[in-house]
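Multiple structures are listed underneath, in structure tokens.
One chain, chain A, appears in both complexes that follow, with chain B as partner in the first and chain C in the second.
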Partner chain A sequence: METKNNWKAWLYLAPMLLLMSVFTFYPLINAFIISFYKGFRPLQNSIEGFTLLGNYLLILRNPLFWNAMKNTFVIAFISVPVSIFLSLAIAVGLKSIPKLNKFFQTIFFLPYVTNSIAVGMAFAVMFHKNYGLINAILERLGFAGRIDWIGGTSSWWTQMVALLIFTVWESLAFKILVFTSGMQNIDKQYYDAAKIDSASKWTVFRRITVPLLSPIILYISITSMIGALKAYNSVIGLFGIKLGNPSNSMITIVAFVYKYRAELASPGYYSYAAASAIILFIITVVFSLIQGVVSKKRVHY
Partner chain B sequence: MSDVFVINEKAYRAKKILSNVASYAFLTLVAVIILVPFYWMLLTSLKSQLLMEEIPPLLWLKPSQWQLSNYSSLFALVQSGPRAGSPLFPFFTYLRNTVVVSIITTAGTTITTILAAYAFARLNFKGRDVVFAILLGTMMVPGEIFILTNFLTIAKLGLYTWDQTYGQVLIAMTVPFMTSVFYTFYLRQTFKQIPNELYYAAKVDGTSDFGYLLRVMIPVASPTIVTIIILNSMGAWSAYVWPAMVTMKDEYRLVSNGLRGAFTDTGSGRTDFGQQMAAATLVTVPLLILFFTFRKQIMRGVSRSGIKG
Partner chain C sequence: MDIKMVNLTKIFTSKNRKEVQAVSHVDLTIPSGKLIGLLGPSGCGKSTTLYLIAGLLKQNEGQIFFGDDEVSEMPPEKRGIGLVFQNYALYPHFTVRENILFPLQNLHVPKEEAKTRTYDMAKLVGLEEMLDRKPKELSGGQQQRVAIARALVKKPRVLLLDEPLSNLDARLRLQTREEIKRIQRETGITTVFVTHDQEEAMSISDEIVVMKDGVIQQMGQPQDVYDHPDNLFVAKFLGSPQINVFDSTIEAGKVLIDGMAIGATELPDQKVIIGIRPEGLQVDKTKTSPFKFEIDLVETIGRDTTLIIEVTSEESTLLDKKTFKAIVDAENRIKPKDVIHFVVKPEKMHIFGLDGNRL
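Our next item is the complex of A and B:
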């Protein structure tokens, strides 16, 4: 590494940097510029002027946006902790069994490699009022009245429960795998010491596993929070392009962005899409910062 | 004294067995919950319209009750409307498009990733750390922000027109996704583990930097590169938003796009769940085949990239 390879290094970086200049860096800057346009017509490429916060204020006054915010936050704040807790429990379970370890791991990983539109549609059939598995099971357990989870007479609550179940189901795979391989790296002598002290399982989990996994738990909670804030494919898979019943009741921030993006003919709508995408970006950054700062005191490296 | 130990030993064993049983029971329950949606998808796809509408639904079918008419009807030609003459669900067209897009994108991504990872891992140049930090920073940005302008760029380049050709669609679908900061970072870590001595030895032998990359770095890092290729090529299967956005004609779409929205009769608003699940099964099976073929590489790659990221 002694010699400076200036021009040569840039040559190696050129393909990536050229592509990223066109499709990453320029779009990032341009998204801000579009969000300041007034009456932007994307297909004619014409504008009627500029506005600093006009588009942002319009979005913040749009009830649909607040509906999207509410849904997105409910998804993120419930599905992320639940799936982290569940996948930790599953990883601990996997660690404690002597056999069939690989077999279970393989099954648990399946949701990661499947298409969320296809599986979302399968969940939609499972939650169907008359033909669905969920109501069939509930009926056998003695709950008589069939619930309309996601159909024409369903409520926000039942739809959200269905979406959360699907989201958690989908997001377990990656977390289980990462936690399992993280646990393999924990030194066995900690557990041996705990065994000598005859510590209970819960104590071992709280005092050894969680603290030693904390860097990974932090990483996973930040990435899955970012992922959950961008929920979209799961909503399309489960509810279709109507986004719930009545239409748009299950809209998320990303779905809001795409809804306004698609209205190419309406002047100004593209700028609403850009402004709402930037709001999403800001929310993402704020969350990552908060999680980083809060966890700094609690993460053991 | 020894009695106490024996009793403790017995109690310990009993406890151990009990907790093992509890663990297996818990994991089995989770496994069933993970598998049930796949089962329901397959089961529904094999039900006839009559069995489909039974309430409460049948939880299993005898092999004699299985029927493939839902699958065959997916390939029946549409009689009227804008899509007349093409199959109800042109799975093989979508499949071909998806495979082609996946191969082109992966080839491009692999090349840009290897070159960039090499520069970051092996070459010393001014501004390296700054550039690397900026690249990592872009990973925080939601993709929706890029998509807005990228669509306009594609339109300005004349790739999104009424008489769009297959070549134009392929460029639009692949070129914007031919870089990956994440894989560059991942491969750089592997490249860095290759000892410097090899590099100096090659230099003494008069090997050029590029020759060294081709003949030493790439072969040594091939497990990582294979993982990147597999994980990246699976991406095209779940791509939904972008391919729908830049394709003008139905015949250019990818598997995810054709799936949602179809199978609902616009007149009555009724959905044919049997056909829908047959299509979902067709889309899911190739992915599962890919997964079981490369299970080790996929799971190792995902877990490593997860920890190191």
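Our next item is the complex of A and C:
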């Protein structure tokens, strides 16, 4: 009986496994192999030999890579918690005004169905020093000096703030949607019980809604952490292919990969790209595992 | 503290704009310190009444008083009520201790006091050993008692129980019923106990309130309501097996079923509906009573024998059902196919008008 079921399970999984083999495992293994090539010329398809860690060590000695690491981590560690907290708060707020619920869901969902490079370009306009909306609002609020957020005289800080605002805003939509539907699945009786038990709104949020949503919060935090570690479109959209001011100041790991991937003529660069992709892969896996383990204790199923 | 409802009305509007009067002009006073059984078929508005008292629903009309305080506009957290939900609604991620403690934390009861009260309450419901378990690690009966403890720990003015036993198996139901009665006696708290099970309501309640389609039908001590039902609905809802109901006429002070005189009355001549409790039919050993039937089935359980008579005739005056039942002493040794003459105990016979109201 057991073995028969197993056999069936594999049968059902087969199409998925096949697709994953072709489009996930094969490229991954391929990248892994390429990362061991020495002097690889992809156009000629020739190599000068193999190296175990040579490409990895070169990357780790490359300041640009560390810049990419710093930017990526800042994005991940700030935008993920901030956007989770904001979207939770908004989802809870939406729940208490059911009539506006549908309307706002549409508004918040717009960025999700819009190309993020296009949205990024729109944000780039909003952050423009002279005719951007942000500075106009700040001026109204009494901040006289116009900030150059992302222009020729902008600093890493202002660019990062702009990037974070954009990243958070862009990722809110999906999270709000997921949290709203998650909340609809929480039995209304718990909220009635909490009223009878004299719980304040904040207590209800903290001690009932969040714990009962914890599996979904976990899911969202893992997926959005992975998403943030792969940040690229937002950077291109906001800063263009110069990747910030000065060039490459806002580079991310994926942007780093693309940069070296594009240099087909230079021998060995393709392998750097592969090696940095593998590093990103390892970082992603480690994060998912840590989150999984940590949350096992916290998450209520 | 008693609970007084005045002209209480709750209307739900469903999706297709149809209005349902779930609770309709209810005037009801629940006496202080008593356990009241709110009884009626499913969908008659029992839960709605309870939620109105709790403040989880807002009435469309009418008022609610706790003692002399009007609470009609008060939010639930201010009303000081304990409510046990039908599915208990225990917080699944809290332990038993946290569940019981939760109301006290919200009311900012000092930590030490909250701790003792939680323990004492757990002890009252016999769960002091289970404080660190999660609800899903408890049996249905235990969960139910946690829900009672959580409702009682804040010393509410009123305890409301919404079909608290409906999720339990038969044996546990009996046991927990006694438990609830004991806890209510020990705490002396005014309690409303909602159920659709008439036997449950009759056995546990100081008084029962029978409800139908959002309207209160009758209130009184269980035995009184059983013995003197105000209308046919109440008569039929209480008692198992159900009361036997016949189309009947009164002629010259005699109650006639199919022309057979079964009793006397002072009511004027008219068409009526007669209800006879199964235990109100007695075997006439002299075989002179005209009220006679051939017995189809006999069920003897211990002291009592239930005689089942199937009525096949098209013109039968028996309403609702195709059988009627009599409960007689097992000593009579009746067998199927025996023809039995019955006499009707006058106090077990109820006369209703054609509108269903008692005459």
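In this section, the second predicted complex is superposed on the first by the 275 of 301 C-alpha atoms of A that agree within 3 Å, B and C clash if a C-alpha of one lies under 4 Å from a C-alpha of the other, contacts with A are read in each partner's own complex, and residues count from 1 in each chain.
FYI, a contact is a pair of C-beta atoms (placed from the backbone, for glycine too) under 8 Å apart; a residue touches a chain by one contact, two chains touch by 3 or more.
Quick caveat: nothing in here was measured; it's all calculated off a predicted structure.
Chemist: Once chain A of both complexes is superposed, is A:S21 in touch with chain B (first), chain C (second), both, or neither?
Modeler: A:S21 sits against neither chain B nor chain C.
Chemist: With both structures fitted on chain A, tell me whether chain B or chain C touches more of chain A's residues.
Modeler: The partner making contact with more of chain A's residues is B.
Chemist: Is A:D192 in contact with chain B, with chain C, with both, or with neither (first, second, both, neither)?
Modeler: It touches chain C, and chain B stays clear.
Chemist: Is A:I34 touching the first partner chain B, the second partner chain C, both, or neither of them?
Modeler: first
Chemist: Quick one: is A:S247 in contact with chain B, with chain C, with both, or with neither? Answer first, second, both or neither.
Modeler: Once the two structures are laid over each other on A, A:S247 reaches no partner at all.
Chemist: Pick one for A:Q44: touches chain B only (first), chain C only (second), both, or neither.
Modeler: neither
Chemist: Kindly classify A:V178 by the partners it touches after superposition: chain B alone (first), chain C alone (second), both, or neither?
Modeler: First partner only, chain B.
Chemist: For A:L133, is the partner it touches chain B (first), chain C (second), both, or none of the two (neither)?
Modeler: It touches chain B, and chain C stays clear.
Chemist: Identify the overlap between the chain B-contacting and the chain C-contacting residues of chain A.
Modeler: none
Chemist: Would you tell me which residues of chain C are touching chain A in their complex?
Modeler: 51, 54-56, 75-77, 81-83, 85, 87, 89, 91-93, 102-103, 106-107, 150-151, 154
Chemist: In the complex formed with chain B, which residues of chain A make contact?
Modeler: Residues 1-6, 8-10, 12-13, 15-17, 19-20, 22-28, 30-31, 34, 42-43, 45, 89-90, 93-94, 96-98, 100, 104-119, 121-123, 125-126, 128, 130-133, 135-136, 139, 169, 172, 174, 177-178, 180-182, 201, 216, 219-220, 223, 226, 229-230, 232-233, 236-237, 240-241, 254, 257-258, 261, 270, 273-274, 277-278, 280-281, 284-285, 288 of chain A touch chain B in their complex.
Chemist: Touching residues of chain B toward chain A in the complex: what are they?
Modeler: Against chain A, chain B makes touches at 19-20, 23-24, 26-27, 30-31, 33-38, 40-41, 44, 52-57, 59, 111-113, 115-116, 118-119, 122-126, 128, 131, 135, 138, 140-153, 155-156, 175-176, 178-179, 184, 196, 209, 234, 237-238, 240-241, 255-256, 259-261, 264, 273, 276-277, 280-281, 283-284, 287-288, 290-291, 295, 298-299, 302-304, 306-307, 309.
Chemist: Please give the residue numbers of chain A that touch chain C in the complex, ascending.
Modeler: For this pair, the touching residues of chain A are 187, 189-190, 192-193, 195-200, 203, 207-208, 211-212, 214, 300.
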